[in-house]
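A, B, C and D label the chains in the order they appear, each numbered from 1.
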């Protein structure tokens, strides 16, 4: 099986490309074949993921495994360097997993203007970018994959989106592109400032930014911060998110919420913190502050929403605030919580967007005011919505809690060098955020699911959860429960790898 | 060496005038003929530099094929054969400035970089120009680019047909 | 059984899953699964209780003399081996960094007592509901939720660490949300459910932060560890004060203490059996249970041993008065009971606050029986007597003739609640008051007595309006079926005799002996039975009943009232006072009752509805307003800023677009010029 | 011989070509000017080949010649197309990219 160890990541990243090429060769009329090819591709990719899960050495989760290190662009000493450890593994698997489910969900939910061929090809391309980002261990490689993701999402929103799609897609593109430009600048700065002139992430993180003075670190970190924070998105760079989510097709929203937002937080953990520890310490209080502002602010904005999808989108801002708070503590505790929060948010918010998409599919509206009595007309969907709402507001026993509570907990005692008092204030504010979260989510649940159907939809032809939806949703729902009941599945995996990251900050 | 130097300067001056003729003449057919002079001069320079094979390829392809192609083009587009003042556009002056500026920069750069460098035309140089040597290099070292260029030619052929086809 | 107590919460949890998936296919729609599961847990809990008692006895047998002292002696290091330790088992649940978090069980007297109470009440509620909820559209779902509710509460009860406690706590909140909003077609019900969840969740902020603070202070989530740390001389007092205050906020939210009690009456929107479960055994007592569990933190944080005043006792005392006063002006029988619960929970919290651990827990124990009895009785009345209405003034009255079992059990429950010796409520209330009086909290003892007076009075009113006078409803009242009356009788028996578990003058102090932890427990005082106090309290209660009888019975025709005093024990007790009605009339009617019934009660209700509730509502509205503002800010300022930026870019683009002639050669010219310039720059700045 | 003889000559050819490309209106003439530029580059390559005794310069010159032929083919086709559409081989009329 040693060939598998060598090739697993390459396969995981580039199999979707193969599928995409095959997909593009199929004539446009044969939609069945197109769907089948897309499904098979994602399934085979996911199978590779399963293989990785089996072959992964959990006793050495802190080290890079499945490493590939081949020469790529010699001139700038950038290499085709991939590898995964306990931090990337869950996210990589999540990405493969969600993509499969998205393809299944798409089976009979293609948004206008239909064209499954292009749509599925874009999903596959998106998967390349996402998997690649989580596997890349070279800054340039990372950047390339990071940017690949933009393109399919841009088209997905711009072509298959809602009425305001052009505005949303361009806003999304410009925001993220602006961030990545500064990020690339920071990468280049790192290359030239470090003594070894390399883009290798492991090599650079082994240096811990030694040789770069504190002021420079702070500056370079600022560039990365912008790049990643826009992707996360953190307050006040979040305004692209509600528009993008509102306009994006269901699958686009799911992928956006479940995976793409994690690219930013992942970037913080993988690149920004280990490469520039001093910069991180200088920035951490500000990041934490923006994070808690995001929590409260996102919650307030949620309360003011009339559109279901927009509400969920703003709730992402709040939830990613918890993740960022965990990261900002710079402790292993907080970062573990953050990774858990990322995975949990991926599953839960992904599910919420799925349900919102199906609601829109049935009612042709997302106006909360016009909805009501979902439990009467589509009881299963209503229950699933209730379940997701409960998971999202951080009910213990479901996945959301384990991202939220430990993040709050970690803020009590941030890494040495950070002010205890400041972070304890953050802790209290974040705790208040949990109540607001319960408020807006239950408020939405009440108005969408409870009560009786409004008169305009009394005779509407409403389909409850169908087969494709069941197949796509059940694994996610199970995932939410399993991670909620036994969180150690994830914590034990991420912990060794996170300790590598946080060791620099420990006393 | 002196003979070669003299030959260089004669050819170079001829080429220079011919080149200016290409871009300044008012008769489009004359331009094509000036171009022949320049191309032949370049071929001669190749020979001076010992690149015999390339020189003959230059003569065959450029003078034999490309210039004929141009003449066809001139005829097909029914360009005015006699003198026509309207061959230049209105950005002649800025274009000249840009070109001269570029030339100045290049000359300064070249003088600075290769001020005293000389070329010795010895046997070794002449050996590299041999057809066998060039062929060897193309079909061993550069066989992949060669194939790619072949594909390119094919594509250009098809492309030219597709573009120019009357549909 | 003590070591395997993890099975106890597991069974209802499995039953929840089973009912969810197979309930609809079962002949009785899943109710049988729930009942069998809960019955099994009840039996197991009894076994656990017996084994715990044996364990304590065995221990005391081998440490003769020491054991008797153990309770009253201070915990010190020498005695570590000499006290009964709780049975603690824990496995690693998750691990984060250097911290390991366990899940498991901690079984001691308190846990065993709670297991018994929770499973018993839950079992009776399950049985009761087969009749009460018959034909409900979501019958199966109701049973599933009941199972989950019980499971969550049991998880909370057996929790060996604060984290598991928090998990159970939140799950209990979820289940109460589901059950209060059981009939979610109606907006009022879902509003109540939301209010309950959000209010308790507000309290949960406190709990969450309290858990975090105690964790960082003690370095562990383990309850025993936290208590040990809190009681050790080296404990950080500041952290303990803050931690205790935060935990107190959690208790206030969950146990309906002033000022977060407003959700409790609204929670009556749920089905009556659920109200019984919430008020007697699960949801609201979770707060008191938390207080009893990590008592060390409160003891140390609030300096309870020193007497005087502390936030916990004050909150409890205020709640007693507020709740009791509010109960007067309710027409809805369930709301009377709800406010009564608020008031009784106040006793428990105050009991904890004044150092009467045993009293508070004992009151929790007895209260569970009679309050469940009262709620189920009210449910029985509405089910069979008043056509599914809970309005005492409009749809009830005179029901004692039609529903004798319900009437007598309700009467027993009321008497127990009012605190008439020798029923259950008397003993537990007296224990709290005695401790308060002897532990330096005299003021609170007086508040407790006032509360007792009010309690007795409003219960008299409630009983009168429901069961006496003329029937005012429109249905055909009849006695309820067996599934309803049997639980009532069982509970009535417990309401009568449960108090004897800790009746000092009768030489029975088993409750304190077996329930009170000996390990990592603060040196609470054990009050001596005070006949004076007990007598005073009894007198107050009886006089209150008399006043009540006088006030409410008198309003009806005289013959009904006169006949009543001959037949009715309660009324006869108040008869002596009625004889003297002429010179007491002004006093009662003019001052006390008019005061209480009129301005004070109305004022507090008004304050409750218009100030406190308004604060809750206002907070909601303000949040909405702020939300609107924030959103406007978001859309009009931030977003507009970005859009403006884009527009500017566009405008400058327009300026530049004149350069775009569209002509290839112009572009080429620009390019070449640029190349020239850059090359020159390269040459110069090389 | 001095290296710069050839290099400057090639630079001269290149710049004359640039002028032609920029200033000529007729498409065919523009293409001719492009040929001038390419020849300048070729001369440069051959000069370096001689200087460094390396055959690769000549090989690249050959490639360029080939590509130039292809380019003329496609380029003339485009000019023809322009002529057919605009009734004139002039490039001034091709300004659809105008902003």
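One rule holds in what follows: contacts are C-beta pairs under 8 Å (C-beta built on N, C-alpha and C of every residue); 3 or more make two chains touch, one makes a residue touch a chain.
All values reported here derive from a predicted model rather than from experimental measurement.
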I'd like the Å distance between the centres of chain A and chain C, where a centre is the mean of that chain's Cα atoms.
39
Based only on mean CA positions, could you tell me how far chain C sits from chain D in angstrom?
89
Between chain A and chain D, the Cα-mean centres are separated in Å by 51
Based only on mean CA positions, could you tell me how far chain B sits from chain D in angstrom?
7
Going by the contact rule already set, what residues in chain C reach two or more other chains?
665, 669, 672
Spell out, as numbers or ranges, the residues of chain D touching 2 or more other chains.
18, 22-23, 91-92
Quick check: what residues of chain B touch more than one other chain, meaning two or more?
89, 91, 94-95, 98-99, 102, 106
Looking at which chains touch which, would you call it a line, ring, star, complete or other?
other
Every chain pair meeting the touch definition is listed as A-C, B-C, B-D, C-D
Contact footprint of chain C on chain D as seen in their complex
18, 21-23, 30, 91-92, 94-99
Within their complex, chain C touches chain D through residues 656-665, 668-669, 672
Considering the complex alone, what residue numbers of chain C touch chain A?
92-99, 166-167, 170-171, 174, 177, 181, 184-187, 190-191, 194, 197-198, 201-202, 204-205, 208-209, 212-213, 215-216, 620, 623-624, 626-628, 630-631, 634, 638-639, 642, 646
For chain A, which residues count as touching chain C in their complex?
171, 174-175, 236, 239, 297, 300-305, 331-333, 336-337, 373, 375-376, 390, 395-397, 401-402, 405-406, 408-409, 412-413, 427-428, 431-432, 434-436, 438-439, 442-443, 446, 449-452, 486-488, 491-492, 495, 498-499, 502
Residues of chain C touching chain B in the complex:
665-666, 669, 672-673, 675-676, 679-680, 683
